[in-house]
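Before anything else, here's the structure in question.
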Amino acid sequence: MRILIVNVNTTESMTEGIARAAREAASAGTEIIALTPTFGAESCEGNVESYLAALGVMDAVMKYPGEFDAVVQAGYGEHGREGLQELLDVPVIDITEAGAALAMFLGHRYAVVTTLDRTVPLIEDRLLLAGLNTHCTSVRASGMAVLELENQPERAVEAIADQAAEAVERDRAEAIVLGCGGMADLKQVIVERCDVPVVDGVTAAVKLAESLVGLGLKTSKVRTYAPARPKQLSGWPFSAA
Amino acid sequence: MRILIVNVNTTESMTEGIARAAREAASAGTEIIALTPTFGAESCEGNVESYLAALGVMDAVMKYPGEFDAVVQAGYGEHGREGLQELLDVPVIDITEAGAALAMFLGHRYAVVTTLDRTVPLIEDRLLLAGLNTHCTSVRASGMAVLELENQPERAVEAIADQAAEAVERDRAEAIVLGCGGMADLKQVIVERCDVPVVDGVTAAVKLAESLVGLGLKTSKVRTYAPARPKQLSGWPFSAA
Amino acid sequence: MRILIVNVNTTESMTEGIARAAREAASAGTEIIALTPTFGAESCEGNVESYLAALGVMDAVMKYPGEFDAVVQAGYGEHGREGLQELLDVPVIDITEAGAALAMFLGHRYAVVTTLDRTVPLIEDRLLLAGLNTHCTSVRASGMAVLELENQPERAVEAIADQAAEAVERDRAEAIVLGCGGMADLKQVIVERCDVPVVDGVTAAVKLAESLVGLGLKTSKVRTYAPARPKQLSGWPFSAA
Amino acid sequence: MRILIVNVNTTESMTEGIARAAREAASAGTEIIALTPTFGAESCEGNVESYLAALGVMDAVMKYPGEFDAVVQAGYGEHGREGLQELLDVPVIDITEAGAALAMFLGHRYAVVTTLDRTVPLIEDRLLLAGLNTHCTSVRASGMAVLELENQPERAVEAIADQAAEAVERDRAEAIVLGCGGMADLKQVIVERCDVPVVDGVTAAVKLAESLVGLGLKTSKVRTYAPARPKQLSGWPFSAA
Amino acid sequence: MRILIVNVNTTESMTEGIARAAREAASAGTEIIALTPTFGAESCEGNVESYLAALGVMDAVMKYPGEFDAVVQAGYGEHGREGLQELLDVPVIDITEAGAALAMFLGHRYAVVTTLDRTVPLIEDRLLLAGLNTHCTSVRASGMAVLELENQPERAVEAIADQAAEAVERDRAEAIVLGCGGMADLKQVIVERCDVPVVDGVTAAVKLAESLVGLGLKTSKVRTYAPARPKQLSGWPFSAA
Amino acid sequence: MRILIVNVNTTESMTEGIARAAREAASAGTEIIALTPTFGAESCEGNVESYLAALGVMDAVMKYPGEFDAVVQAGYGEHGREGLQELLDVPVIDITEAGAALAMFLGHRYAVVTTLDRTVPLIEDRLLLAGLNTHCTSVRASGMAVLELENQPERAVEAIADQAAEAVERDRAEAIVLGCGGMADLKQVIVERCDVPVVDGVTAAVKLAESLVGLGLKTSKVRTYAPARPKQLSGWPFSAA
């Protein structure tokens, strides 16, 4: 099977990191195609960037010329998943939801550790909408910006592990979800420090996508994600502009 | 004061209707500037159209050359309000939330009557996110498409009034919110038929915008809607592309 | 238009302060009539006082000989709004709800800063009943009694600003609601200290009342606030006793 | 022990019915003193009457010259219990809450069957405030006014049993709470018709009051129900006016 | 009337303590029969032990040869109450729920103080299922194991009182529920230290059982607790194995 | 990898059906070992049977002599998953939760269609505890007993498909979860009739187990599912009895 995994920002090196993590998680026989939007922000850390990412991801998927069996949207707390579900019949998995859904099988409560404080409400909102929030005990910010994860990996690991430890001790989290598409490499350090399961959204999403495809399950088309009604659109798809 | 009111679709006649309703509601001394996005869908009735509207509205506001004191986003159940709040210091009012907020002062429970069944979950999601859902007893669809409201006004009135009556009788609604930017003209008929207060989102939003401006209140900039961090964006603002 | 604004306690100087704040917020053409109950407590800081205020306010409104277009109940966290809605057709706005409703348009979460610890549960209960609690991150007490706000304004400002700052930092509030009818004067200091929007319930209520009146909206009479059934009452209206 | 049970309306015959039901439920050694407010409505079916009842009950209790061990407020969905708790150290039981609390031990979900449709929201609000609403599947109105329960007992039984049957069948209730102080006599008929446990609030409250007194438990005085601060009150207690 | 009170663990000395507390609380004329399961754990502090207790309690009740009017399950946060309700017509009271239900009549919020940290989620889950969680402000662990309550009573009292004090001060609890079947003796110390009502689940359950029996109320048999369908069971009742 | 899948009842033919469905869903390289409890009920349709199943499943797993990588508990709405999580380090998946978790990725709301009406509350309770209930629009009973699914497959298909259709139309479900371990074969018929995705819990659980194992994720051991404290147990493990 072929899974498209789409970065939400335009930074190619992050796409590569996401692809690497996805491929390590993928089963034999699963081909991972990683896409980078042709427009948007170099990193998503706010509302405008998130809305722009929603369209950038849809655009990248619509432009992809080949066939595919599932799509993973690889941004934590970003908009857009519902649009992809409307556009496509194949399963669509957002890594925010994937990480939360798997963490719920591992402990009584989970916490998310993310990048900047300003992204916390966006993540909370996405978990609320997805109905995955009741077992989320906290969303904590490490204070590291998305691109700092790449540039200052050691400081990032420490800052994130600190918050994970606080989440376990104070917020009573029993599992940690890494709240950023580019955090997969940090997993092992946090496991060692906190001794709780650590879920990375990208790899969780790959597995959930494989699961749905393997079971022959597709996006429901009866109401919320029914195909758009035929109508005049201008400026979309961007690829045609 | 000057209020920008931005249609979420590209249909100019709807923008005009919205402007007309807004002007009738506005106080003396309030100037209403109605904007139409230069890209997007001719009507918003789904997820992709809604995400496209989010950017279309932001783009229209960013391109507007003059000064203004508040922005009203005139689409029911659409995305984008958070982006505007991040971009701007002035108050931003979404008509979905405006209608609900005022209805809550008029009766113990309110219902929304909207266009197509497929838009109901989008409205429910926006009310949930805004924290205005607990007194919403139902979101009902009339089965009329957005553009049919213009083309078949008589059938529209009847279909919407039918649902409003059901909401009052079966769902125990005590106030009705009109769930579409283009429904302001229907208000009187429904009031007469159901004998409950009927709130139109556009006019509610104008009044709330005037209220916030009048009180000197602006969008909070401490976390969720703090100005975006300086970073490289491509494809935005579209006006510059 | 004429708005009655009714203090919940019997302290005339507080009524005057409320009236002053209301008039500053009112639009040209809005007449503010401030009423003081003829019975009740000199300040409301508990359950009995709150229930007494409910009747005192209703009594004051029923005794008012003139016509009016809306009523504002100027007590934070007090009982009685539902009774006024049953008695009257015109809109009724409680300042507790007005402050919360406007704050929700300004930030992702709001906090209330009030007077004594013992009033916190009363405020929480009113926000819960009004369905305005989900975005309320905390109700904090400054420890200042209602009448101390008048007598010790400097200490009050500091104590309230301290709690507002804590709410922003620890509770992640992005807007502050002043949780007392007599706090309007403190607004500017807190804005300066915390750099978040600060909403005063009295002025918020005046604007909401003007909005509803301006839109021709009245209290729903279909169920909860339908006129009372004709029956024998003793001891009411007190004015007739 | 001595329990004061206070009717919320001024109809003596209802007080007598309540007293009779209470005495049948009371243990040997429990003395039931039934009080009727000296002011208020002949029956409580709305917001003003409910607020008036709150004060009428407090007034009746404050005027009672003897000692007592607990107070039961015998009105379904009425205001005032918090005021009594503030005034008194002894336990205070509202029959709305008593009926719900016991019903929760008998089945997975319970329903309330009450008098008029207009009182449903008041009951829902009281259950919400008390935190007893999550297992309440519905509050249904029989359409019978409070005083009709006395005047038309046969029609009342039928109307109430009809709603109870609907609640069991459609709303999946497994226990029924009688939602009025004057319904205790109807219990047996509904049990026979619906074959589910039927809880009467008055008798439930007597047992709960006896339980708390028997365990030496009293109302908490640390915050919400702490004694009122010393201050000037006018018009209260009414008995002194 | 005769009430069976069943310990959830196999430690006879704890059964005796429970019986002693129950008898002190019981009314004249109530006979308390205390049962100890013939299998299970010497104390319940986890999931397996809790599930084992569920069957142990059911087995003990089924083996009891005499007649009885109600059953109390004397374990805090343990499984099994629903099974007893299915097996029996008489009322079944779990002490977790009994303590919470009575505490809700005494203060605006209550807290539970229990033994080990690992049992906190089990208690939270039981309160959630019972619909008694919304007024529970916290479940706090003292760090004392169940059997240490017997062996180190002085240390236990101190550790539990510390947590109760924290609950009152930080979590805003106004009443404390003792979260273990063997804590009844600690009640007085905590009352003295914290000056809030302290509810012991065992004694609360006895009173609630007496109340339900006194009112002639039995477990509903319409759906959730209907008698089991006739079918082949192996290994049950264990007493017959 | 090796996955143990444990039936909750003692009917071998159902175990075989479960195993067959699990094997069809399993990836190449996944070995499915299906276990039948040696004690319990021939089908689980109530509380006692469910508690008995909890122990029967734990017993079967503890007796299994080989190594394994994950456990699936194949009963819909049954107790016991938390016990397995405490006993084991490997991931434990309950099919109730697995079906719900995957359905949430496919549509905005899902419904469960199960066997008998009496099992509905048990399923609702398990979904509530798991935090997977907010997107569940209804749990509907087909009226078919568990063993009738085997004996009367045609009638079962029709009854279940009828309820699925009602769920889609009336309850606004967009995906259906089959609420019984023995329903996997019915999937295709319901898909054809309702045109929505239909999720079978057994196959969903296999995929989720494979996912967690593939990602190296294990059950958290920090609090709720920490290994039991060393203590005296009698009657357990039953296998040793």
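First chain written, first letter: the chains are A, B, C, D, E and F, and each begins at residue 1.
By our rule, contacts are C-beta pairs under 8 Å (C-beta built on N, C-alpha and C of every residue); 3 or more make two chains touch, one makes a residue touch a chain.
Please read all numbers here as calculations on a predicted model, not as lab measurements.
Engineer: Please identify the chain with the largest separation between its CA centroid and the CA centroid of chain E.
Structural biologist: Taking each chain's C-alpha mean as its centre, the farthest from chain E is B.
Engineer: Select the interface copy of A-F from among D-E, E-F or C-D: the correct pair shares over half of its contact pairs, counted by residue number.
Structural biologist: Repeat of the A-F interface: D-E.
Engineer: If you average the CA atoms of chain A and of chain D, how many Å lie between those two points?
Structural biologist: Roughly 52 Å separates the two chain centres.
Engineer: Please tell me the distance, in whole Å, between the geometric centres of chain A and chain C computed from their C-alpha atoms.
Structural biologist: Those two chain centres are 44 Å apart.
Engineer: Just how far, in Å, is the C-alpha centre of chain B from the one of chain A?
Structural biologist: Going by mean C-alpha positions, chain A sits 29 Å from chain B.
Engineer: Among the residues of chain F, pick out those that touch two or more other chains and give their numbers.
Structural biologist: Counting only residues that touch two or more other chains, chain F contributes 108, 120-121, 172, 223-225.
Engineer: For chain E, which residues are in contact with chain F within the complex?
Structural biologist: Spelled out, the residues of chain E in touch with chain F are 10, 38-43, 45-52, 54-56, 58, 79-80, 82-83, 85-87, 117-118, 120-122, 125, 128-129, 145, 223-226, 228-229, 231-236, 238.
Engineer: Enumerate the contact residues on chain F facing chain A in the complex.
Structural biologist: These residues of chain F touch chain A: 25, 27, 91-93, 97, 101-102, 104-108, 130-132, 134-135, 168, 172, 174-175, 195-197, 199-200, 203-204, 207-208, 210-212, 214-215, 217-225.
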